[in-house]
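This report refers to the structure that appears directly beneath it.
Every chain is named by a letter (A, B, C and D) in the order it is written, and numbering of its residues begins at 1.
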Amino acid sequence: MNSDVKMMIQQSFASQSLMHTLGAEISSLKNGSVDIIAPILESSRQQHGFAHAGLTFSIGDSAAGYAALSTLPAGHEVLTTEMKINLLAPGKGERLIARGKVIKPGRRLIIVQSDVYAIENDIETHVALMTGTMMPLSPK
Amino acid sequence: MNSDVKMMIQQSFASQSLMHTLGAEISSLKNGSVDIIAPILESSRQQHGFAHAGLTFSIGDSAAGYAALSTLPAGHEVLTTEMKINLLAPGKGERLIARGKVIKPGRRLIIVQSDVYAIENDIETHVALMTGTMMPLSPK
Amino acid sequence: MNSDVKMMIQQSFASQSLMHTLGAEISSLKNGSVDIIAPILESSRQQHGFAHAGLTFSIGDSAAGYAALSTLPAGHEVLTTEMKINLLAPGKGERLIARGKVIKPGRRLIIVQSDVYAIENDIETHVALMTGTMMPLSPK
Amino acid sequence: MNSDVKMMIQQSFASQSLMHTLGAEISSLKNGSVDIIAPILESSRQQHGFAHAGLTFSIGDSAAGYAALSTLPAGHEVLTTEMKINLLAPGKGERLIARGKVIKPGRRLIIVQSDVYAIENDIETHVALMTGTMMPLSPK
């Protein structure tokens, strides 16, 4: 990937305060696929102590969005226009990893998918399947 | 609504640490409809300073889930099995309010909807339309 | 609604052969909302003799698409980019009616909703809730 | 796969009159994955002569449903409770093939995915990504 695009993604991610609040980090950044990892913090849980679906959604959406952005020239941005999440299992463990990828690139719309896994004692469990649409915005 | 159910919802909400992290509160609690309000905290934002879609999703999902729970006898729980969000406008303003309601009650599945609004200078803007499915869990 | 737009919608609908195969007709056409009605033909059923979800989806998608088109100047077209359907009850009765409406108009994307009802002995049952995204295409 | 389950799926499919109307056939039947193929008939089109999204949805939904059913003991049935379709490209060509598979089996809910391809001169184009939820029904 172009190093300008890489830097743009890292700067954008760093300026998302919710990602910081959730302890999320980009763990892989390739053309068309981005991974985001987050601990299941004491402050990110639902009523049974598992990862809140809001945490799962947040990192899955961001991973998919940056996967889309990684396919565009530097200076672009993307907006999520819609995202569906199917929850497959409780988010139980030490951390979550969201693997976002581009299903179909495009100038007007980019179709994306994210798969989110909970990691407990180094074993991954598939906890969410997400599909969505990103809209590219050209530089002004 | 039954006061046991009301208490059960308030206790469940209080034990969701992510809701506390996001500053969210239940602002209305009726049979089949629940509202959740949250400030757009400095720590809940995306890269342009607006509400992160993860915040929008989190309170919309919780409002819909508690709306579903409000239709069940005390002792039940609900799980989100799927949720789709269409984002309509940027989450710009001081706070968000999610209005969750039950579209179709059921013993096996409950179909729900949440509409999320951004509030800026007392003016509400519709920022998200969410539809999803909740699965009731009987008391053990 | 502009009579050119009205005619454009009726011509477009008439040229969708699947609508003809399913016996579907436009039963109401207003700015931002379009209804489509279809009999539950012997040839449109699932294995229990109820309306096939494919029939429900087809008229719900078309009603939503034409609701979107009704908000655009003559000469435009729309494409469905995504649509989610929640099925609420079996499609039991003589016919289905899909009521499509625009939730959020736009130049780049139009967010739409369709509610589909089964009609049996003049009683309507809500059988599907659909939300989706339409992409306007300018005249060439 | 158990031959009783195979026969049950073929009988169920044969009794879906819409599948017959659309010219659809099961082209592959394995444990957890089912393919359905359909010609793009003159009677299954949208206004530009391509496959109608209703055709794409119908075979994608059925392929996913039978993939779910293939994982259950004989005598069960499944109901689609929700399905989302992202449309990736026009359905242009001679026929469509829907490849349904189970993402997560379960007693209460089965999460499924279908990918639909248009085939033109033996070349496949990915036209739709579908994810959904099937609800198993036990024999009465």
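Structural remarks
Basically, contacts are C-beta pairs under 8 Å (C-beta built on N, C-alpha and C of every residue); 3 or more make two chains touch, one makes a residue touch a chain.
Remember, predicted model here, so these are calculated numbers, not experimental data.
Looking at A-C alongside A-B, one finds more C-beta pairs in contact between the chains of A-B. Centre-to-centre separation of chain A and chain B, using mean CA positions: 21 Å. Spacing of chain A relative to chain C, judged by their CA centroids, is 33 angstrom. Multi-chain contact residues of chain D (touching two or more other chains) are listed as 81-82, 84, 86, 133.
If you draw each protein chain as a dot and join the dots that touch, every dot ends up joined to every other dot. Per the touch definition, chain D reaches chain B in the complex via residues 81-82, 84, 108-109, 133, 135. Against chain A, in their complex, chain B makes its touches with residues 12-13, 15-18, 20-22, 42-47, 52-55, 57-58, 61-62, 79-87. Taken together, the chain D residues at the contact with chain A in this complex read 84, 86, 88-89, 103-104, 111, 113, 126, 129, 131, 133.
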